[in-house]
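First, the structure itself, so that you have it in front of you.
Chains here go by letter, A, B and C, matching the order in which they are written, and residues are numbered from 1 within each.
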Amino acid sequence: MTEPKNNDVAKEDARLMAEMLAQRPAPACPPGGAKIVVEDFSAFFDGEPVLRNINLEICERERLAIIGPASSGKTTFLRSLNRLNDLSANFTKTGRILLDGRDIFGSAVDVAALRRRIGMVYAVPVPLPWSIYENLTYGPLLSGIRSRSRLDEVVESSLRSAFLWDEVKDRLGEPAANLSGGQQQRMCLARVLALEPEVLLLDEPCSGLDPVSTAKIEDALAQLRTKYSIVLVTNNTKQAARASDRTAFFLMGELVECGPTGPLFTNPANPRTSDYITGHFG
Amino acid sequence: MRLSPRITQGMAVSGMWLLAGLTLGVLAFIIAFILWHGLPHVTWTFLTESPRAMGREGGVLPMIVGTAWVTGLAVFIAAPIGVATAIYLTEYTREGRLTAVIRFGADCLAGIPSIIFGLFGFVFFVITLGMGLSIISGALTLALMVLPTIIRTSEEAIRAVPASFRDVSFGLGSTRWQMVTQVVLRSAMPGIGTGIVLSIGRSISETAAVMLTAGSALGMPHTAFDSSRTLALHFYVLSREGLSMTNAYATATILILAILLINLAAYWLMRRFVAKVA
Amino acid sequence: MRREKIISLCLLLAALSAISGLALITAFIFKEGLPIMMRAGLGKFVLSSDWYPTEGEFGIFPMIAGSLAVTAGAMVIGVVFGLACAVLLTQFAPPRLVAVVKPSIELLAGIPSVVYGFMGVIILVPFIRDTLGPAMVSLHLAPDPGPGLSVLAASIVLGIMVLPTITSISVDALQAVPRSYREGSLALGATEWQTTHRVLLRAGRSGIVAAIILGMGRAVGETMAVIMVAGNTLDVPHSILAPVRTLTSNIALEMGYAAGDHRKALFATGVVLFVIIMILNTIALAVSRRRAGKAVAR
């Protein structure tokens, strides 16, 4: 999939996308409806800044796409939201990230519980070397659910939400590694859903997947939006245009622009945004 | 006259195969020789009777029991400590002064000869701690001897588990300990098992250290504080004092068969481990 | 949260066991052995050939010479055979044979030292006494055939025993050499053997040196097999067919009945042994760490 380099073709492209998007309502973040508030957040690895002063709100029940070229800090931003960056010895930060009004970096915060409220799906599916069933029940077992019937329920509902149930319902005991790439990724999505989280973070979940699998995941996200706040990092601007309500554009660690997807693609406020979208760089 | 590289290579490789063949030949010969002379004498009576007349007659039941006790206790003590050390080094700390010191300790311990362990076990466990020549003294000494092996193999096994598994586990809300026990150790188990099995083999073969700590009693041990003679030591005494060649061969046969079994188990475990993490 | 801290602490305590064990061993061995060494005089202890422990004479020079001789002999055999196996395993053996040779060498390492000693007594010693010894005498390689229990017998047995150590560490060293070296050499038209001895052995040199030094440490430390085949006399050996006593044999043979100063003198022998091993192991570790450092720098 190549970005058009010709200016006129690019502008036409953007106009077509905008038409597509104008037909869908893009929710604004109502006061009190912000699930996550990022306040003056900066992140550093070995003292080098990777994110600079990010101010952003993630609303309840929306799909927020994060776009930007490589090394913009998108993944670092995502991993800060569920404090996975804590695992890196050389990570430091300033600023706050509030989940339901409380700073996730507070001293009294139970990090394990936080990560169950904010689930993450990675770019490359990582099935644990166990059966599909065991992969899915690992999270719930960690949070203390023991009853077999409850676990079975959770497994089925999360696989259904990930549009994978029909394909694997008869082989839950098989190794998860036997699934195809697209199926594995949907299983990873289901694995996160089994935690019954509140926020979903997805880091380029469809990179390397065929269009059919990609479509299935995007469909799943469209349905999941009614229950969760979803943050979707993607290198594919067309996917962002298709599959999100608001979009944020990151460039070199800064948040350049954030707003409803339709207007951002047709009429970006910042010239750097339009340059990226139209493929002048990337 | 300079020979062509092809010919030189042919000669060199043939030479090396000859040397390797001799090596394997020696191995095969030793095993075959011992089994040939000893297997006919490894009867049920031999395995279940106690020795008589200083070992000239009778069987080796107390030695089998003693060896099992000493080896079992040694591994029972060393395995949790060794695996815990490996977990600490890989999952709970960063490389630095402390890890360098721990590794130095383990590496040095690995190089100390068994007779020095025997001397230490004698002066520390037998005399200073007052445990006397006993199974427990022998076991504690052997535990120190096999500890470095268990640490090293466990560490390698744990490191082989992909980093992405750990990330996924944390992402699903696990604590570090849950991640270690439910994800890492589960995958690393066969590799760790290999180290433990090899330690069992080393303990069974050990003579110098147990001689000075577990003693040489011929009777059936009843508690961990009784002295007991291991199979390897019994074989040494029988052959050196010339007490009974048939019994010596039979004892050696048991030892060889045990080693063969242990190496087979270790080999099988290693293959399972490689299959799991590859 | 606090539970994690407790777990971390318990693991740390376990991890300190190895270094504590080492400290304890060093402390007790030195505590028992050093005083008498100082009392008898360090120089006299190490250089005198008079070992009459019941009369208060403690000179361990014959044993030091014995250990040196036996170790040197063992290294000749161990390095030649061990390196050959290592090179074969990494460069020339097809996978089918590697699957046979590698476990066999590991099996060799598992055989108890007393079994090796026994085989030495049954097979090797008579052979040296009755066949090889007289042959060497007639070729003027040795003054007299000796009793079979000899430096040569101990060297051969020890050589076979340290072979697996040398092989496995050398295999690691050779496998750590970047593939590009081998491929580059072959691409220039060299044969595999030329590649091996001109490029790979040189590149893996520090690992192989570490293997040899560790093998030396093993040979110096071996006890039971040596007791059974070396003869255990108290003279400095005058030929490889002469019987000999090593530092380790000295301790193991007399510990059973030694008392008082005699026993302390055996601990002092242990101190000397301990120091030699520590020096060897430290050199080996330093050599292999330097190799790791160079690889990283590259």
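Everything below uses one rule, namely that a residue touches a chain if its C-beta (ideal position, glycine included) is under 8 Å from a C-beta of that chain, and two chains touch if they have at least 3 such contacts.
Being a predicted model, the structure only gives us computed values, none of them experimental.
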| item | value |
| --- | --- |
| Chain of greatest Cα-centre distance to chain B | A |
| Chain at the geometric heart of the assembly (C-alpha centres) | B |
| Between A-B and B-C, the pair joined by more C-beta contacts | B-C |
| Centroid distance [mean C-alpha coordinates] between chain C and chain A, Å | 59 |
| Euclidean distance of C-alpha centroids - chain B vs chain C, Å | 18 |
| Distance from the mean Cα position of chain B to that of chain A, given in whole angstrom | 51 |
| Residues of chain B engaged with two or more neighbouring chains | 175 |
| Complex interface listing, chain C residues touching chain B | 3-4, 7-8, 10-12, 14-25, 28-29, 32, 80-81, 84-85, 87-88, 92, 101, 103-108, 110-119, 121, 123, 160, 163, 190-194, 197, 214, 217, 220-224, 228, 248, 251-252, 255-256, 266-267, 270, 273-274, 277-278, 280-281, 285 |
| Chain A to chain B touching residues, read off their complex | 82, 84, 87, 89, 112-116, 119-120, 122, 124, 126, 128-129, 138-139, 142-143, 191-192, 195 |
| In the complex with chain C, residue positions of chain B that touch it | 5-6, 8-9, 12-13, 15-17, 19-20, 22-24, 26-27, 30, 33-34, 80-81, 84-85, 87-89, 92-93, 101-102, 104-109, 111-120, 122-124, 128, 144, 147-148, 151, 175-177, 198, 201-202, 204-208, 211-212, 232-233, 235-236, 239-240, 248, 252, 255-256, 259-260, 262-263, 266-267 |
| Chain B residues within the chain A interface of the complex | 94, 164-165, 167-175, 178, 182-183, 187, 276 |
